[in-house]
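Beneath this line is the structure, given in structure tokens, with notes to follow.
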């Protein structure tokens, strides 16, 4: 990876981080309707994975989907506007944080239903295989989702039918307010073995590692369609959703998170490779300016009209 | 196992066989309403497993449930009457072949929904654990059912919570009209490993093997509640249901079934152990007489009254 | 014009749709080599190969979700769920995914999938293989639900469903699979949401769909013998349903009976009756009477199942009551 | 008499039921250590231990099925499904298993389980976390469905549900969880299936349940200022529902409006309206008007969600229309 490529990954991670920090503030100010699940500490996963993807590849996501969405290249202003419920949002303000989608970028949607992204993505991968253009599909899901039966139905079918799907598990150790280890008697590596699906585990907080592993797996899948699993050990820094004070978490655990911060780790690697403070600061300034502009535009955008509720329930105007 | 015990297993298998052969004829004569899935060739599984069970243990079953039901000790006449849809049936003629149950014998029901027995039995096992009497729960399911997500949800929870449940898979290689190998990228031994659940495989057509393996597993579960898997390789002799001509099956495969017939294998073992033809014939005569009596009684029994439809939808008369 | 059976019409519609549109593909349990439990997909694997006809493992939720994802990625999947009772396993994918994607994504795309599934009794298949659950789906904004009552409609409605850009559930009736009927040489293109006057009349309106249409026609015969001319409306689709057609008929006949095979309480008929008790109130000369299954699981035995399913006699009794 | 909140009343009912009956146990996601997403089960793990309070993995189908199996084996499970939208994953266990076991096994036993789940909007939780799906369950013979509208009822109906020998779904309303209300020192024992006259009146009847009861009461206030006395009926349970009570009220007021937060089309209100358009036809002086959510997924933004949910104004407009 060239220093430039590495810096680009840094820039993307920082964009997600700053965007979510901005959302965090907007939420605290009462400007974000509904639930807000932040992926702070997990940015390396989607940025690393997306570095292996083209726009024609499809991804689908879960409730903690901001990073997945931004990494797939959606418009920042439309993203903010959506989460603020504005008419100019990517989904015209009807979806919000848990349902951001941009089909034009191959982003098939965040999802409020745990594990629902898996069959949708399996179907998308089937379409890719039938269309024969070498595109692939990626699904992001959490460790907690592994308890849902749908995961297994999809692992089975993806393997049976050699579908080009990358199962990306963001294993942050938590399922809402419970440690996932209390919810799972299995693990993804063992499931991978059970279904004969290629399995790789990476430090999900080291973006280069994620990118390298994803790159390899995806390249293979493009040539010969087949599923693969990428398990990323990562860290959920904030509560399950904003407003969750995480009383159930050990202070030691929380204190240790900083050392594994993916952005800090990437910055350190960049510095070790020769980038200086000024270069990092320049990236930060550029990112912050973009976020600020997007936020301002989104804040200034109009709310949807009430009459809009009935729009788009069906494609054709009702009979 | 004493010769007497062995002969008893034989008698039970033969009871199931003759009962199903009788049903087969009744079906051909148009006397059995609805679907009829016969378990001919699979009798050793429930007979072997049930030899380890008490009446207080619970079992639940699937669409191919006659053997499971009879082996749990339900009344033969009530069984026939149920399948014929008579008012005197175990379920007053409202369930039929796919829904025979006898709660008084711990038989929680056949089931028309593939894999539905698993969570019900998992719940029953949880109740047993809470009640602390050392009772256990058994679920019978087919190899095709392994593709349903519920199987995995239940393996996970049973292991997590150390539930005294025996998962009995009747692996007959078929899922309706398709070889199961085209539907499954995994296997139960691999799933057992993935979930850390004790797994045993037996020749499901050798009743002593089944009985021995089940006996061991169940004894362990009674002492220290924990799940276990017993996979029984077995043979579906008839079509998926009566009326299915099995055109999709190789004639070689069908021809080979006879050599693995569990009743023949048991008879041979009994003869090798000293039982003579006359003794076997005596068992057969006794079994046939019972089946005939049960059939006659069931045939003579009245149909339910139409007014009975609304009975028992709720326990208390409607408000 | 040729005579065909309902199940063959379904098969023909699938065949023609696959011929006309290479993005149409099939997925379901035992639909390939075996041609489907009811033979709706017979020969299609041979004709179009395993890249267009997927024999799926027993995993209804995944099958339905795969259809959603493939539809979002440019394909037109037609999924089969072997018995409507098993859509209990597909509900999340239908309701939270397929139905909502277009609206909650702000109209960006759509989910052009079809889910075919048979409902209804008559096979003594019992409580878990006979249910008519279309009322659930009709309650879900974003889904469409069609219920063909005869072979020609089975063809045309399935074609319309496949052509539709939104998710459509095609509910077939098991007891009708063997039904024979005329199939026009150039099958009608049906617009989903338009009803059909199955039999014109001036004294009372019976609204029905699926297998109940035939029962309503039989009841109309009985009434005709007494000089009462009953109009029978075949809704064809229950979501959307042709409110204008029903209202127009009611405004001529002033008496309404609604019939379906599903459980009466909280069934599709409730919506039709409720709507007419509002916008059609001034037209009503008598109570709106519904005919459906009693409030109990579908029993399996022959006599019980017969007593459970609606029939012409019960429709006649309902007509007599509203006309009294 | 003490004031309490709806969610605390739920918590108290669970606590008391667990104290009174050792076979009562709880199962659900994050209900133990975390006390539930809405804190309905707060402190219960500490009080009764992990043998009575099961923090389950994310597996709604299994959770529901486990409740069925435990209920068939002598226990009284109370399962929580975190949002009613997720019962899409539990439908098979509810509909094909819990609901049918007693009837299809010929009355041998019963399934004394409870499934608690919150429905409704007001939290801007969007299309997959706001749905009111009780009409599906009301359509299923064998299930009971209660929908408490206030803290005292939240207590009493949950106790009644736990005492009931058959499967009962307790639908709570998220927007009501913070509602304060009086809790009698000796809470009322409510019989499931009996409605409550929330406000007597002589000019029109509004039938409501859950959060819609408060909206109906507010509408009645508005109408009272104009001299129109509106009777508000709180159904308390929608399956079974108190047909006799509604008919009796209608026979005094002669005008009927039915309100709920669920989507209007094919909702619970359709059944009530349809039934009254039959057995109550002679009592009706005007159209039966329903008020519910429009036919669209629940939008998430504040203004859209407000416009989507029914409210007193829309009930007033409905009353004016039927009284016109």
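Residue numbering begins at 1 within each chain, and the chains themselves are lettered A, B, C and D in the order written.
As a working rule, a residue touches a chain if its C-beta (ideal position, glycine included) is under 8 Å from a C-beta of that chain, and two chains touch if they have at least 3 such contacts.
Remember, predicted model here, so these are calculated numbers, not experimental data.
More C-beta pairs touch across one of A-D and B-D than the other; that pair is B-D.
Once the centre of each chain is set as its mean CA position, chain C and chain D turn out to be 30 Å apart.
Look at where the CA atoms of chain A average out and do the same for chain B: the two points lie 46 Å apart. Rounded to a whole number, the gap between the C-alpha centres of chain A and chain D is 36 angstrom. With centres set at the average Cα position, the gap from chain B to chain D is 40 Å.
Multi-chain contact residues of chain C (touching two or more other chains): 56-57, 59, 61-62, 85-86, 88-89, 92, 96, 103-104, 126-128, 141-142, 295-297. For chain A, residues touching at least two other chains, in rising order: 93-95, 99, 111-113, 147-150, 153, 156-157, 160, 182-184, 313. Taken as a graph of touching chains, this assembly is fully connected, with contact between every pair of chains. Chain A contributes residues 58, 60, 89-95, 99, 101-104, 108-109, 111-113, 116, 118-128, 130-131, 137, 149-150, 153-154, 156-157, 160-161, 311-316, 318-319 to its touches with chain C in the complex.
Put simply, chain A touches chain B in their complex at residues 147-153, 155-157, 159-160, 182-187, 190-191, 193-197. Contacts from chain A toward chain D in the complex involve residues 33-35, 85-86, 93-96, 98-99, 111-115, 144-145, 147-149, 175-178, 182-184, 248, 303-304, 306, 308-310, 313. By the touch criterion given at the top, residues 25, 51, 54, 56-57, 59, 61-62, 64-75, 77, 92-93, 96-97, 101-110, 141-142, 144, 165-166, 191-194, 240, 242 of chain C touch chain A in their complex.
Touching chain A in their complex are the following residues of chain D: 29-30, 33-34, 37, 55-59, 61-62, 85-86, 88, 123-129, 294-297, 299-305, 307-308.
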